[in-house]
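Can you keep this structure in mind? I'll have questions shortly.
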Amino acid sequence: MSTKYSKIAAFTATFAAAALLLSACGGQPTGGGDGDSLSGPVTSDGSSTVAPLAEAAADQFRSVEAGINVTVATSGTGGGFKTFCAGETDISNASRPIKDEEAAECAANGIEFTEIVIANDGLAVVINSANDWAEDLTVEQLNTIWAPESEGVITNWNQVDPSFPDVPLALFGAGTDSGTFDYFTGAINGEEGAIRADYSPSEDDNITVQGVAGEPGGIGFFGLSYVEENADLIKAVTVNGVYPTVETVQDGTYTPLGRPLFIYVANTSYTDKPQVKAFVDYFVENAESIAEAALFVPLTPEQISTAAEELASLG
Amino acid sequence: MTTTVSTQGGPAVKPDRPTTSYFIGRPRYGEFAIRIFLRVAAGVTIFTTVGILVALAIPSIGFFAEVPFVEFLFGTRWAPRFADASFGVVPLVTATAWTTLLALLVAVPLGLGAAIFLAEYAKPWLRKVLKPILEVLAGVPTVVYGFFALQFVQSTVLREWLQLPTGAFSVLAAGLVMGVMIVPTIASISEDAMSAVPNALRQGSAALGANRMQTTLRVVIPAALSGIVAAIVLGVSRAVGETMIVAIAAGNQARLVANPLEQGQTMTGFIANAALGDSRVGSIEYDTLFAVGLLLFLITLLINFISIRFVRRFREAY
Amino acid sequence: MRTIGSAITGSIRGEHPIAGGGNGERRPAALIFLVLLWLSLLVAIGVLITLIVTIIVEGQGQFSWRLFTEYPASSPDRAGARPAILGSAWVIATTAVMTIPLGIAAAVHLEEFADKKNWFNRFVELNVQNLAAVPSIVYGLLALAFLSMLGVRDKNIVIGGALALSLLILPVIIIATREALRSVPSEIRQGSLALGATQWQTVWRQVLPSAVPGIATGSILALSRALGEAAPLLVLGALVFVSFDPNGILSGYTTLPIQIFNWTGRPQEGFHQLAAATSVLLLVLLVVMNGLAIFIRNKFQKRW
């Protein structure tokens, strides 16, 4: 009967049309513009702290070179290095320097890289905006709150200091793959990776913000840019009397939690893939404006010239 | 004479379909090939189940080589990625139990109520209108439910309106919304079961002077009981396996949840959150993912088997 | 259209064909029972309406063309869901191509050719029913393990997501197709065989064409379920900042549910509004798909 076949034909035609439409849509957007435009993927992975900076760079870069696909994943600094040293990513974002074991693994897999300092960061300790008793904390108090020995023991703010009110502690922070985690534990607890296990970890700093903002007794830690982004929900504390700002981070007075942020570029990706070269060049050359747009602490003048040298050594 | 009967005429064909092929005329090799393809296609389903078992079992074997069974099943500290690692899965299982329980507390009354109304009380036009509306509840993506749980139920209802002492995430918000999500599951299967009860029973009950409530409660529900139980068990299975609502709204701290206003991490929430990080194939973190996945699969397998047995019983009863 | 009032009094008066009516319906316990039943329906529907209203209200600030044309950005004022929309389209299309033929073939075998009394085939049936109820995240783990075994490095590719989703909805398609095949009366098959057709010819030329509306309905409903899934894709590493259109089955991608999840997790209110607006978009898409499925069923379904 013709009606049956016409129905089948109609369905097949619809599917085929949809498929054709998709392949048309899947093409590059808004044309190539001026003749010799680049295209191709640039993959980056790593720190959740550095990710907003990389995303801002990718954003701005797209207006310059529309055909290049930049992806930014956030598996944490450690996770990013694992994929980087396996040759799966072009750029690794890191909120701490590469460890010896990680560098050895890269070397074992033949991955040569160049380390570029791309911005500065103050690792901020944050509390809920309604918290008015803990606005100034010392490193010793932070250690009391976060040390491994405090697991299950220190559960209330008044245990940290008797003058604090009776409010339960709610701890949030970066997860174990995070460079922020390594840096914080190293600086506050004296040993990288040493921390009490009964806090809410996440590789995504946005979750930490939500957690601290939701609990009156909340306390967490992440990069300074997240503080500025969420100033209405949480606030940073002074550490040993110093409040984290662009100035105190750049001149080194915000210690021990001031730190540089890195991108690690795979040398072969840079030399072999023109789209990677274009992106990295853009990122480094415009590091200052990108950092300001993303609410990061920009590089000091000496850092800028060092970065330019590193970039030159790559090409 | 041959035993193939269809060429003879008369009441020869059996009531069910013939199961052997009648090769009349020239052999058709193309059809033979097609039938092999069909068989292979059906075999893909077996391959999927075997694949799931193998995919979950191999890393789990690696996991259990490092972590003893007893510690995994009965330990109460879940800290798999820390320097001082512990692999006790009890916190994850208790959080799952909490969300499932809360979901059932919502879904069973609402689902059964809706089912009873649709099966026993509603006029046909009302039924036609209400059933699809209930199905819409089943069609909302779980991400959207998760967003609703976090933004509205937790922030607005629990914290602003009811002023409950709770933080940014809670097991209660996730459980309540999950309950609403599985209402259609319980409602539709229960309603099928109740509709399958023969009208003769209802008429007999009415003839004896019962009103509809009495008929429903004392005749229809007991008759449809295995179907209703199957529906509830299936609802449990869906609640245990649900990921997005808990990943968004229940929090991600693996701890022993003692009160529903606290946050907690379920088995599915752990798998989702751990997958957001990075795990090298072969590392203990990668294996942990699959060990929890295996536990989840086995639990839902058990629940599904129980449910299927109940469904069979109620389908066969009439 | 009768009024709600007549529906209520009808419930009490017992205009339902079976039983009811009479003084017994007006006893207090029976009335309270009826009220409770109405209440449970109203609560369920009320929550649904609240959900829809909340997301529309929250997302209204972001309903603009930007949602369709822009890429995700670090600031909510410039962000859009374009890669998510295209990514969903790519993944669903690939899933459909992979799973619908396979599902129909498997169902045809199970329903038309397999010996139903054979224990192996009954085991396969049981297996399919069980697979339909496995949590979706387990399918993600399966795809993860499979791709790792093949040595695929970057698993966040369209074909990877499509693989996980195909396996997820395959049992649903098989079950729906079997129902559609069952609804074709056996007289059709017998007539065809009587005229000398082989079994395959019968299936291909008589049974399948008659079952097409049911199969189409079931497939569209299964695909709409796949459209809303996020958990299996998360396990494959889908949560990545994607600022380009997908351009092949080996391309990186993101989907609408993943994008919603991403934006929900951000603390800024602007991103929550974007998540709400995208949720509305997703719901509209699902309503359209389900409406299409129901339309096909009602319009083309044969009454035997």
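Order as written gives the chain letters A, B and C; numbering starts at 1 within each chain.
Note that a residue touches a chain if its C-beta (ideal position, glycine included) is under 8 Å from a C-beta of that chain, and two chains touch if they have at least 3 such contacts.
Small disclaimer: the values here were computed from a predicted structure and weren't measured.
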Two chains joined by the most C-beta pairs in contact, as defined above: B-C
Farthest chain relative to chain C (centres taken as mean CA coordinates): A
Approximate Å spacing (C-alpha centroids) for the pair chain B, chain C: 15
Between chain C and chain A, distance of the C-alpha-averaged centres to the nearest whole Å: 35
For chain A, residues that touch 2 or more chains besides their own: 74, 204, 207, 210, 213
Two or more partner chains touched - positions in chain B: 276
Shared interface positions of chain C, touching two or more other chains: 237, 239, 265
Residues on chain C engaged by chain B in the complex (per definition of touch): 2, 7, 10-11, 14-16, 18-20, 22, 24-25, 27, 29-30, 33-34, 36-41, 43-45, 47-48, 50-51, 54-55, 58, 102-103, 105-106, 108-110, 112-115, 124, 126-131, 133-142, 144-146, 148, 167, 170-171, 174, 186, 189-190, 193-194, 196, 198-201, 224-225, 227-231, 234-237, 239, 257, 260-261, 264-265, 272, 275-276, 279, 282-283, 286, 290, 294
Residue ranges of chain A touching chain C (in the complex, touch as defined): 1, 4-5, 7-8, 11, 15, 18-19, 22, 25-29, 41, 43, 51-52, 54-56, 58-59, 62, 68-74, 86, 88, 204, 206-207, 209-210, 213, 229-230, 233, 294
Chain B to chain C touching residues, read off their complex: 6, 13, 15-19, 21-25, 28, 31, 34-35, 37-39, 41-42, 44-46, 48-49, 51-52, 54-56, 58-59, 109-114, 116-117, 120-123, 125-126, 130, 132-134, 136-137, 139-148, 150-152, 180, 183, 187, 199, 202-203, 205-206, 209-215, 234, 237-238, 240-244, 247-248, 268, 271-272, 275-276, 281, 289-290, 293, 296-297, 300-301, 304-305, 307-308
Chain B - residues contacting chain A, complex: 77, 79, 81-84, 86, 159, 167-169, 251-253, 255, 263, 273, 276-280
Parts of chain A lying in touch with chain B, wherever the complex brings them together: 45, 74-76, 78-80, 82-83, 148, 170, 175-177, 193-195, 197-204, 207, 210-211, 213-215, 218
